[in-house]
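Shared between the two complexes below is subunit A, which has subunit B as its partner in the first and subunit C in the second.
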Partner chain A sequence: MLGKTRRLNILPIALFFAFAVYMMPGLAGDAFAKEAFAEQAFAEQAFAKEVMAADDDAEGEGEPEIEWSQDVFYKDFEGNPLKGPVSGAPAPELGENDYNNYEFAPSRIILWMANQQHLYFGSFVLAVPIFCMLIEFVGIRSRESDPVMAKKYDMLAHDLMKVSLTAYSWTAILGGILLFTFITLFPGFFKYMATIFRPVMHVYALMFLAESGVLYVYYYGWDKMNDGGFLKWVHCSISVLLNLIGTVLMYLANSWATFMQAPGGIDEQGRFLGNIWHVIHSTLWNPVGVHRILGNIVFGGGIVGAYAAYHYLTARDEETKAHYDWVCYVAMFICIFGLIPLPFAGYWLMKEVYAFRQQMGITLMGGIMAWLFIIQAVMIGLLFFAANSYLHNSMSRVQGSQRYMKYCKYMVLLLIVCFTMWMTPHTIVMTPAELKEMGGAQHPIIGHFGVMSAKNTAVNLMIVTTILCFLLYQRANKKITVPWATAGNCWITAIFVGAALNIIFLGVYGYFLPANQRVGLSVPQVTTTLTTLFAGTAINISMFKDSESMGDIKWGTQSKVGTYAIFLLAISFTWLMGLMGYIRSAVRLFWHVTEVLRDNSPDAYTLTIGEAGKMLTFNTLFVWVQFVVVFWVASLSAKPAAAKAPDAVPVPAQQQ
Partner chain B sequence: MNKSFLSLILAVAGWAVFHYGLLPIFTPKVAGWIFNPYVYFLIFCAYLIIVNVGMRLNPPMALKAFYVWMLGYYFYDAILTPHIPWTLFITYMMLWSIGTFLYISQDPTTFREFRAPIVKTIVGEYKLARIVVFTLLPVLVGFATWNTLYPSFAEPVELRTVHPAPPSTTKVHGKTYKLEEIGNPFRTDEQDNYKDSFPFLDKTEYMKNVTEGGTVFFENCHYCHGDQLNGLGMFSHAFNPTPANFIDPGTIAMLQESFLFWRVSKGGPGLPNESTPWSSAMPPWEEHLTTDEIWKVILFEYWYTGWHPRTFDTEGSTAE
Partner chain C sequence: MLPEQQDILWTFLSLAFTVFALYVFISVIQYCREREDVSLKFWGGIFGGFLLVMFLETVHMFDLNQVQQLSFFFGKMCLTMILLLLVWGIFFKSTKIENQSPPIIRAFFWWTTISVLLAGYTNWLPQQRSDPPPKAAAFIGEVTMEEYAEMGRVIIFGTKQVAGQKAIGKGQCPLCHTFDAGDNIGRCPNLFGVNERGATRVKEDRYLNEPVKVGDKEPKSGIIKGAPDQIPEEYRRAGAGGYDSMTGEDYIRESVMCPTCYVVKGFGKAGDKVSPMPVIVKPPISLSPVEVNAVIAYLQSYTTPGDYANVTVPLPSADGGAAEETAESDEEAPIFVTGAEPIDEIINTLGCPLCHTIPGIEGAEGELGPKLHEKINAAKRIKDPRYKGKATNTKEYVRESILNPSAYVVMNEEENELYPDGLMPQDFKHKLSVDAIDKLVDFISQTEG
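On to the complex of A and B.
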């Protein structure tokens, strides 16, 4: 039993560390970057003064050789624009000849499709190695205590990698298509971007080479390095390297998009000011990076979950059903783990967008894009519903869960109430007669739900509810025997009740504060939620020590509703990813690079909500067709003998 | 008597008594802490629970789901006042329906229970129910078709954009202003901290400017925006949409003063191309007021409503 308890701790702890490692660049990046910038800014200013002095001395002796210009974004200590040596040509004024098009579709639509498909696949191939790293690590760690489960973990990781390998080639092909689409349809724009990012693009290509090399060694070396000892650890370490390279790749590619949205390192004319780090590390770089890592994890988890759910529903024998039911669980566990912090990363990103340009924030939240955000709210609600529905249904196949099942309906009620608050728009679509009946544009009761104080409160409560649901799921089949069980339960109750009260208090308090301070309240709200997540999980797991099992999880008996919830989650998330990508990109309106390079193409208009919705749906369907093909291609290779479901211990490590 | 049937009779009869007997009592002209429709709704919910639990009626899952769904419908349709617009009502009911589905599908047992009467009706075990359902279904479809095709003359709904995105610069009275950088020249302190820091900041000068701004407001703006700044001025009902309500936490409280400066100066004609057509009747006040008067009016609006203009942390844009 003790051994089981130890194994239980492995997956959450591994996830926690992996999460911490991936958040580090984002959270610490600013601090490190600022220190580095401080020195650099001093050096640049000193250099600038020397050059100016030299210019003054040389006055009358001819034109100065170096022209200095002001950065559009970066400022020095005194708040004045940072100066840098002009090192590039100004942004061109694009004309008719800078855009090409085909007859059958607008260039922008073609580019959107190419970009979105590449991003979907890129997201998947970056996410799968993260899973494989974690699953392989858990397999190695549980080798001694439970060799059968260890083998299952190892085989699962290997199978996922096989799919990823096919998807990797596919991603590269889609990347090529995207590149050619840029070059052929938007040559003027791409020339400018290539001039600015020239070194980054070469480094990117080289990193891609490194990624491929490491990926092939990792996959093809799997069996050879599976000696159960030192080589296996080396193999697992290669997956860490693979993920690091993948993350760098993604961050480099992100820099192009974030530069287009919120440029830095150039002057008002779009001339490069000589510091490539300034261009890469523009204000949205870190939040976009963190947001994408988390999004990739959820997306990858959703796809793997849907893959397993399909096999679960079509399985003909109990053994296969049990296996894929378990795979569904692992995928959903990872998926929900990424889903919980995802809204916080989104808030951070939006805060940075607002801080960069007020009009961009207004266009997003209160202007032309606001209705897309309402749709986004619906989709996020669906994700939480799907996740909770899966957990509720999963609980029912765990013996002993009846103790907790009775609370499910209250959690559903709380979720619905919060979600109602979460998606109540500030501006309501209504007829003039309805407007007059309400007595004004805002409803006296629900009008209060239209602002961020209410929405932050709602989303935090929804997350806390999901966490509670997960904790109950974890302890569903356990009889707690630790002597401090009562105290532990009291602590968990106090943490959750306290968190809910604190979140509600901060939400209400926000109505009495100025907007800039109100925005700041989201930080303690998020901290409260994360504290609940970590402290609640830690206490919960600690209470499982020497716990008695009330029965095994009956793998292979998951209800159909719970399984369909996985499909709902995967499809909704795919659509949501497309939607948010479109919003983030379309907020530039008629700019290729905000306020620097104007989009003078015939496509420089904002699509109607209906048209955008059609495109998003098409992209979602198209990518899922491709995923089906990729999974089919991956299954063409000789199928390994299915891991035999263990008879004695059919419960995965983290569930005991 | 069948317990499920009894439960249904008690629910319907209870609702009739509550709705026609109690609800008028709980909806006085001025709602109090006790006598308001929300307390009434809680009492009605309590009645339903007490009757079913107290009498051990234990209604089947399908009936429970029906109660839950109807409670949501009743709340949004009759309790929540003033009545919410149709689009929002549909949205809320969609959410409530999802919630009801989550409730019935929370585990395979409850879902099976819920499905049982439906399956029995379809396969013919409940003969009478099957006859009723399959007779009513075509009638219902026919009615829905008729209802959809029947021409209606309702005013169209508006998908309105509230906050237009401002430009980065604006030119007022011949001077170009960068909206990201300017603030109100008459604001003594960004957050009005003078209130708490007496005697370090004198508010006399500030109040003088506020008063002047108020004078301008009542001479020019209150006809539409209202003497309580709530968007309900004497002309407001002639406009669609109604003029901005400054008391609402989602209007000036969310915006920088520079946004208001641009919006007041340029009015409806100065709105940007995106999100057109706009429905703003506000004149470009730069043609009637001086720059200082515009800033003072803005100062007054914040002072009166108690909001503070939005400011942003500029830390992210420094390269220190």
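On to the complex of A and C.
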């Protein structure tokens, strides 16, 4: 038992470590990045001026002078626009000849489809190696204490990589389709982007080559390097390398999108100012990168969960059912772990959007895109419902969970109340008569729930409820025996009650502050939620030391409702991912590159919500059809010998 | 998607339905071949029939445009699908086959249902399409101050207004500013009475010193504060002087060209030292000199409807900057409708949706004037004792209402009072060709709720 209890910490710690590795450079780095790069750029600028002055002196008059121009984003120490040597042609004024089209669909829709499908697959193939790295690591670490479980972890990672390998080729094909679509339908726009990003595109292609090489060594070397010793560690290290390359790839591709949305490194005419790093590292680069990593993890977890849920439903014997039930659990655990910090990364991204152009932020939150954010709120609510539904249903198969099941209904009630508040719009379209009857654009009572104070409160309470649900799930089959059990329980209760009160207090306090100060209250609210997450989980896990098990989890007895909750989560997240991608891209309105390169195509309008919604549904269904095909193709290869089932049905680390 | 093109979602789903029908057919054939007591001919015939119908319906979907596809998909194809599922269930029940639809089928229906419900939800919400603004303002001939101020209103609010929702034009001002007295959304100052306020504000100490001193250059915009005579020439007021002669117009002009020259207390960043407002004459908004003046004309006059005595900006002249723009923008936004345009373009160009709800025209949900359900209403109105016009049929009535709106003023039954007379422009006869008026009359005569 002692050995098992020690192993219990491995997966959360590994996950935490992985998040820290990915997020710290972005979060910590960004705080200093702009200043540091401004400093560097300032020095470069001064140096370049000196060199030019020297050249001028040496060559005398009559030589062509280098033209200097102001950066649209970067600033020097005094807050004045940074200057750089003009190193490229201005953005072109695109005309009819710069756009091509087919008769059956607008070019913009075709490009959107190609882009979204590639992004979905790209997201999946970037997420799976992260899972594999973690799962393989956990497998290696638990080799001595539980060899059977270690083997199961190893096989799971291997199976996932097999699926990922097929998906990888598919992603590359979709990337090719995207590239050809872009070149053929938007040649003028592509030419400008290619001119600016020429070196980045080549590096990207080379990184893709490196990613492929490492991926093949990692997958095909699995069995040969599985010696249980040094080579296995080397193999696991290759997965770290694979993820590093994958992350660089994603960040390079992100730079194109973030440049289009919030450019830097060019002047007002779109002329390149000679520093490619400025172009790559535009203001949204880091938040979009972190947001996408977290999103990829949730998306990947959803797909793997759905894959396992499907196999669970089709399994004909108990052993297979137990296995896939367990895989569902692992996938959902990773998925929810990524889901919880995702809104905070979203806040960071929006903060940077507002910092870039307040007008762009308001277009998103209060302008033409505002309804899309209401839809996003509904989707997030749906995700939390699905996640909680899975946890509630999963609890029923854990012996000893009856102690906590009675609280589920209250949690559902709280979720419904918060969800209702979360999706209450600030204003809605009304006839003048309705407007008059209600006494204004906002309802006298319900209108209070439409503002950010209420919404921040609601979503933080939903996250705290999900955390509580997860902690109860963790301890469902444990009899706590540590001497400080009562004190520990009191602490956990105090943390959750205190957090709820603090979040509500801050929410109410916000109504008494002006709008610009009210926004700042979201920071302590989020901090409260994160404190609850880390402190609550840490105390909860610490209390499991020497705990007595009230019985194993009955793997393979997951209810159908719980299984379909996984499907719901997977499909909802796919749709949500498409929605947020559309919002991020569409906020440029009629610009290819914001304020620099105008979209003069017939498709430059912003779609109605309904048109966008139909496209999102199509993209979602279409990509899932492809996923099914990919899974089917992956299953065609010979199946490896099944791991010998342990005498007792295996219980994953978190449950013992 | 263009109206004449197919809808990508319904086309995809119809294809998926056909694949499903094929799967069901094959699956049923397999069951029948495994069991001797089940009639292959009978069940194969039924499900083969379903497959054929589904296939033909899918082929037909490619002949329809997206509006027709919507009704056909939900009216016919979904019905066929429900019948297919029903008969499939009867097949399983009657043949006592326990192993029913595999999870992949159930998962597909689950996924499809959720996704289509989400698409339905997005279509249930208010729909607003945002078109890119024209590259430059369009002007032909002489304009009155009323028209010029109206142009300013359109730049601020756009052409379409929906009650309860902030309409937004090229200038994007309502994203942050409010315009009605007492209205405040907390982002930026209310602009009610800004002309008068501006004239007195420039004399205040705070204006003289914060955040930029009068006479200093604000770096972001390059504008010298409190110096109307040093504004870039194309935007400069004719006869502008120095600080001592600053007017409300100068204050507004400076505010849009250099928002950080003066930041209203409580609405700035960094301790009210920096304005969050973009420079309106630069991208992405990039108002031209004529447009800036139009906005100023609107701001100076909207608090006193019909009275333009406070407006100090000059009308655009044919030989000024506006004339230069005319040459390049003639084709982009003509205010004379030739009749060659599609009907929705004619209606939107004339601004009808601003006041009227017009069935068949997207976004035409105005409430200031009567709903245009003329197919039925016109005949009733001709018979109304209050009617003094000359029309004897629907088309004549519609033509008369457009060319002479005051001939008959419709009763607002919700409010139990007449709709305001004189609100509708009286000069459509100068804006419409004979073809255009015919086209418009033909369309509106057929509108019904």
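Definition applied: the second predicted complex is superposed on the first by the 619 of 656 C-alpha atoms of A that agree within 3 Å, B and C clash if a C-alpha of one lies under 4 Å from a C-alpha of the other, contacts with A are read in each partner's own complex, and residues count from 1 in each chain.
Note that in this section a residue touches a chain if its C-beta (ideal position, glycine included) is under 8 Å from a C-beta of that chain, and two chains touch if they have at least 3 such contacts.
Model, not experiment: these values are computed from the prediction.
J.: Based on the superposed arrangement around subunit A, label subunit B with subunit C as either clash or fit.
T.: These partners clash in the superposed model.
J.: After superposition on the shared chain, which partner residues are touched by A:514: those of subunit B (first), subunit C (second), both, or neither?
T.: both
J.: Using the touch definition from the top, say if A:611 reaches subunit B (first), subunit C (second), both or neither.
T.: second
J.: Is A:572 in contact with subunit B, with subunit C, with both, or with neither (first, second, both, neither)?
T.: It touches subunit C, and subunit B stays clear.
J.: For A:198 in the superposed arrangement: first (subunit B), second (subunit C), both or neither?
T.: A:198 contacts neither subunit B nor subunit C.
J.: Just to be sure I read the superposition right, which of the two partners does A:628 touch: subunit B = first, subunit C = second, or both, or neither?
T.: second
J.: Could you tell me if A:595 is touching subunit B, subunit C, both of them or neither one (first, second, both, neither)?
T.: A:595 sits against subunit B and subunit C alike.
J.: Taking the superposition as given, does A:362 touch the first partner, subunit B, the second, subunit C, both, or neither?
T.: In the superposition, A:362 contacts both subunit B and subunit C.
J.: Between subunit B (first) and subunit C (second), which, if any, makes contact with A:395: first, second, both or neither?
T.: Only subunit B is touched by A:395; subunit C is not.
J.: Looking at the overlay, does A:403 come into contact with subunit B only (first), subunit C only (second), both, or neither?
T.: Neither: A:403 stays clear of subunit B and subunit C.
J.: Give the one stretch of subunit C, out of 182-190, 380-388 or 434-442, that collides with subunit B after superposing.
T.: 182-190
J.: Do any residues of subunit A touch both subunit B and subunit C, and if so, which are they?
T.: 79, 357-359, 362-363, 366-368, 371, 427-435, 441, 514-516, 589, 595, 606, 609
J.: Along subunit B, where are the residues that touch subunit A in the complex?
T.: The contact residues of subunit B facing subunit A are 80, 82-88, 91-92, 95-96, 98-99, 102-103, 105-109, 111, 154-168, 179-180, 191, 230-232, 237, 240-242, 245, 248-250, 253-256, 258-259, 274-275, 307-314, 316-320.
J.: Report the residues of subunit A in contact with subunit C in the complex, numbered from low to high.
T.: Listed in rising order, the residues of subunit A that touch subunit C are 79-81, 103-106, 109, 113, 268, 306, 310, 313-314, 357-359, 362-363, 366-368, 371, 374-375, 378-379, 427-435, 441, 514-516, 564, 567-568, 571-572, 575, 589-591, 594-596, 598-599, 604-618, 620-622, 624-625, 628.
J.: Can you name the residues of subunit A that touch subunit B in the complex?
T.: 34, 37-38, 40-41, 71, 73-77, 79, 82, 278, 283, 352, 354-360, 362-363, 365-368, 370-371, 381, 385, 388-389, 392-393, 395-396, 405, 408-409, 412-413, 415-416, 419-420, 423-448, 450-451, 453, 511, 514-516, 559, 561, 589, 595, 606, 609
J.: Taking the touch rule as given, give the residues of subunit C at its contact with subunit A in the complex, in rising order.
T.: Within the complex, subunit C contacts subunit A at residues 1-2, 5-9, 12-13, 16, 102-104, 106-107, 110-112, 114-116, 118-123, 125-133, 162-166, 168, 172, 175-176, 185-187, 219-220, 266-267, 276-278, 282-284, 362, 367, 414-415.
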